[in-house]
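Next up: the structures, one after another.
Note that subunit A is present in both complexes that follow, paired respectively with subunit B and with subunit C.
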Partner chain A sequence: MNDGQKLDSGITVLIWLVSIALVVLPLSMLWDVVREGLPHLSFNFIVDQPLDAGRSGGVGSLLISTFWILGVCLLTTIPIGLGCALYLSEFVIPHSQSEKLLGFSLDVLAGVPSIVFGLFGYAVFAIQLGLGFSILSGGLSLACMVLPLFIRTAEQALRTCPKGYRQAAIALNISHAGFISRILLPSASGGIAVAMIISIGRALAETAVLIFTAGYVTRMPGSVMDSGRSLSVHIYDLSMNVPGGQSNAAATALILVMMIVLINVLARYLSRRWQHVE
Partner chain B sequence: MKAFMNVLKRKQPMNSELTTAFQIETGSSTEAFAKKEQSLEDKSRQKPLSAPGLTLKKVNVRYGDTNAIEGACLDIPSGSITALVGPSGCGKSSLLASISRMTDLTPQCQVSGEIFLGKDNILAKGTDLNRLRRRVGMVFQSPNPFPMSIEENIRFPLRDHGMRDESVIRKTIKNVLGDVGLWDEVKDRLGQSALALSGGQQQRLCIARCLALDPEVLLFDEPCSALDPLSSAKVETLIKGLKSRYTVLLVTHNLAQARRIADHVAVCWVQAGCGCIIESGDTRSIFERPVHPITQAFCQGLQG
Partner chain C sequence: MRTNIWLTRGLRTAAWLSASILLFILLFLIQESSPLIGEIGLGPFFQADGWYPQEGAFQLTPMLLGSLFVAGGAVLLATPLGIIAALFGQFYAPPALARLYRGLMELLAGVPSVVFGFWGLVVLVPWINRLAPPGASLLAGALVLALMILPLVALTADAALAAVPQQYLRGAAAMGLSRWGTIQRITLPVAMPGILSGVVLQTGRALGETMAVLMVCGNVVQIPSSWFEPVRTLTANIALEMSYAVDQHRTALFISGLLLLLLTITLVAVASHFRRMQHE
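Up next is the complex of A and B:
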């Protein structure tokens, strides 16, 4: 074996090690969560209210709060985000000032630490707009955080629309609205679904934004104006502030992971069906 | 270069009342536009020739600092097929795209000169592009049906243009699919995705989609170059059958194809780094008695 071949096989081994590490890392994290959390997971844990600061009882009300926060977040993100992504991919003049300005703002927003969004949400939604510690404040602040991510991913999806469709639509004198609604959005639906999944994943995992805005009341929320604790905040609180909360934190984390996997599968299935119908 | 421009002026050997060969130079236009009183409903099959011819006068297409084609002059008579032939990069596709102003979509692309569609200079400022693209249909090199069902590919453009009467739409779908010889092949699976069709069928569907909107001029940009020989032959026959109702301009790499189906041929070439039309005329004279030495070499397969 000459030197070059030795180098080749050395690098091959290195690349294999890195790939294995990349597979092992998430698996070991998952294993950790499953090992600690699975014994505590039961149907009652999912539906019961938390008791004794979460040491006993379940996460029923927190699941509901989480869904409400997520709902507010998505209802805000999707129309604004899709509108902005369409503007960027369809309407803005390439290399114009407005494109540069918009791109710059999005990049800055995407780079802002989540705690800053938390403080911003607290100052604007909770105090200035008088929404207080509420699911509404939390969902809106979360929307601010995931918007740049959603917009950039959705924009990429819209840009993958085959050039032939656009050419044909223009040559056939199809209206811009017709092109967008019947050709562009359906052909990008898979990518837009992916943008939603990524945004949901990011929103579900977020803690810092919500502590300052949605609060950490564990009661079942009655309306979007109530404070509500999300699963991620619950995990944070149990593991940081509540001695003896470790196992329930792991069980809650397991639920969170399962939710993200489920949403992922569902969104993929839906986007495939949507494309099939069109 | 201009000395070689043998601008086509020969009158169509056709039924005189159908002749619309537009001769702007002499000012004695013999246009006899059959009035378009017919609605979309019964336009298929029996549509009399109402298409105007095209006249290109000193058309330049530039991309930034490079000239794609310069000083192109050409008469494209109605009711016949005119083929633009020539090697790659001689600007023939750019010239074709400028007729439906698709060139507007390319930033930095500038078209100057005059292109008359009937009496209208379509390069003039204030040209209604929507109206222009309704009058000029375009078929592209690779088939590009929309990702929808076969019938939706025709229904969607019709509805987008404001057609609401479902019975008329159905009739149009049947007529245009019949026109392109697809009806018998797909009548039982109109609801299936158009992307499941073969390449040749997709291309014919694209042509049908164009016809449904009742254009006057049809532009084909190398419509067979992405197809296998059998599909290609079908599309050729189809294009040949369309000339009685439309003004047809065809860009092709394939000299044999031009010879088979075109009535008139314009030869493009690259001279001094820029495309131009070096010779044009009726197909037989271009192939049998070419004037320009490059045309002679090109058409006899010695060059290009």
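Up next is the complex of A and C:
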């Protein structure tokens, strides 16, 4: 072997080793969470109410709060986001000033730190609009954060509609509204579903937005005006503020990670099946 | 196609509503911040009289430096490693393994930051504590953040590498360049703007990350003199003090939020500049 070949194979070995280490390390992290959390995980843990600040009992009411927050977030995100995605894919003139401005605003919005959404949601939804620490404030603040992600993913799905469909619709003199509701949306429904699932994953993972908007209360929520603690906030609170809460924090983290993995698998399955149909 | 004016108007409203959230947040932060800035100017936020918000001393410099050090450390660590992971997926791994690898990276990119923080708190911090107490430190923050942003650095670099035109690679093969020679001389230079765009975006994410940093950095307000000392970042400061801050103290927290937002806008503008370079 000459020097060049030696260098080449040396680098090959290096890249293989580093790349393997790069998945082993985070997977060992997840394994630590599984090892700490699994002994405390049971059916009762999932349905019981938290007791003694979360040191004992389960996460039943927190799961319900999490789903309510998620529901408010999706009910806001989907209509506005889908409208925006349709406007971007169907109506706005490509390369126009307004397309550039819309695109840049959404890109920046996607990069805004979550704690800034938390500040905004706290001062606007909770204080100025008088919603207080509630599931409604939390869900709305979360919607502001998830919106750009949903819009961009849904827009991509809408843009994959085959040209032939559009030409056929024009030939049949179908109105634009009819084209959107009868042809475009059904044909992109798989991709829109994937956009929804990805947004749910992001919303479930979020913590900083919710601390000052949805609040800390661990009781079972009675309405959207009640404060409700999400699973992610529970993990934070148990591991930082509750001495002796770490094992239940690990079990809650395990539930959250399992939900995220499930969502990831579902998104993959749906997007593959959707691409097959075309 | 025949358009319906109400449909167009409705969708346009939805689009501008979504885009104007950014403007709302910006205006709102400026409105909340301006009374205190108007009263004492910008100087006291960066001059050395410390962070004692109850006594009217609002020096943000230690927190700003804390944020920059933690994010900088994470990006310096994650960038080369992320590029290596992307090279592995594009050029070294067999196709089936590359698909699996990419899938794992996507999965890791979705792991909640509070879970990274939890792991950092119960595993990494005690481990660093044995090396050099107290454990909760700048180093812990940078390591946890590096682990967090690595999958996304790798995925964006992977996409940038995949976008390198095939004929460049065929040309290199025809000239008898070795694999590493091709990567070093052709693939990486061509893909660099795209890779940098991803790195800049992830820098923004590292600067804005709250939970993981809050849980592992120790949150002492000081300018760190070594990697093993605790720091407090701008984001952690907001999360820690927002619940009890009133009056000027509260305003000072909104000013740090405004600072974070302005940093983000700058970084996104830089990233989209790089992305345009890649397309040209």
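Throughout what follows, the second predicted complex is superposed on the first by the 231 of 278 C-alpha atoms of A that agree within 3 Å, B and C clash if a C-alpha of one lies under 4 Å from a C-alpha of the other, contacts with A are read in each partner's own complex, and residues count from 1 in each chain.
By our rule, a contact is a pair of C-beta atoms (placed from the backbone, for glycine too) under 8 Å apart; a residue touches a chain by one contact, two chains touch by 3 or more.
Being a predicted model, the structure only gives us computed values, none of them experimental.
Residue contacts after overlaying the shared chain place A:F67 against neither subunit B nor subunit C.
Once chain A of one complex is fitted onto chain A of the other, the partner contacts of A:S19 are limited to subunit C, with no touch recorded for subunit B. By the touch criterion stated above, A:I170 is placed in contact with subunit B and with subunit C alike. Counting the residues of subunit A touched by each of subunit B and subunit C gives the higher count for C. Residue overlap on subunit A between its contacts with subunit B in one complex and with subunit C in the other: 169-170, 173-175.
Against subunit C, in their complex, subunit A makes its touches with residues 4-5, 7-8, 11-12, 15-16, 18-19, 22-23, 25-27, 29-30, 32-33, 36, 79-84, 86-88, 90-92, 101-102, 104-109, 111-120, 122-124, 144, 147-148, 151, 169-170, 173-177, 179-180, 201-202, 204-208, 211-212, 232, 235-236, 239-240, 246, 249-250, 253, 256-257, 260-261, 263-264, 268.
On subunit C, the positions that touch subunit A within their shared complex are 1-4, 7-8, 10-25, 28-29, 32, 81, 84-85, 87-89, 92-93, 101, 103-108, 110-119, 121-123, 147, 150-151, 154, 178-181, 201, 204-205, 207-211, 214-215, 235, 238-239, 242-243, 253-254, 257, 260-261, 264-265, 267-269, 272.
The touching residues of subunit A, counted against subunit B in their complex, run 94, 162, 164-165, 167-175, 178, 182-183, 186-187, 275, 278. For subunit B in complex with subunit A, the residues that touch the partner chain are 100, 102, 105, 107, 130, 133-134, 137-138, 140, 142, 144-148, 156-157, 160-161, 206, 209-210, 213.
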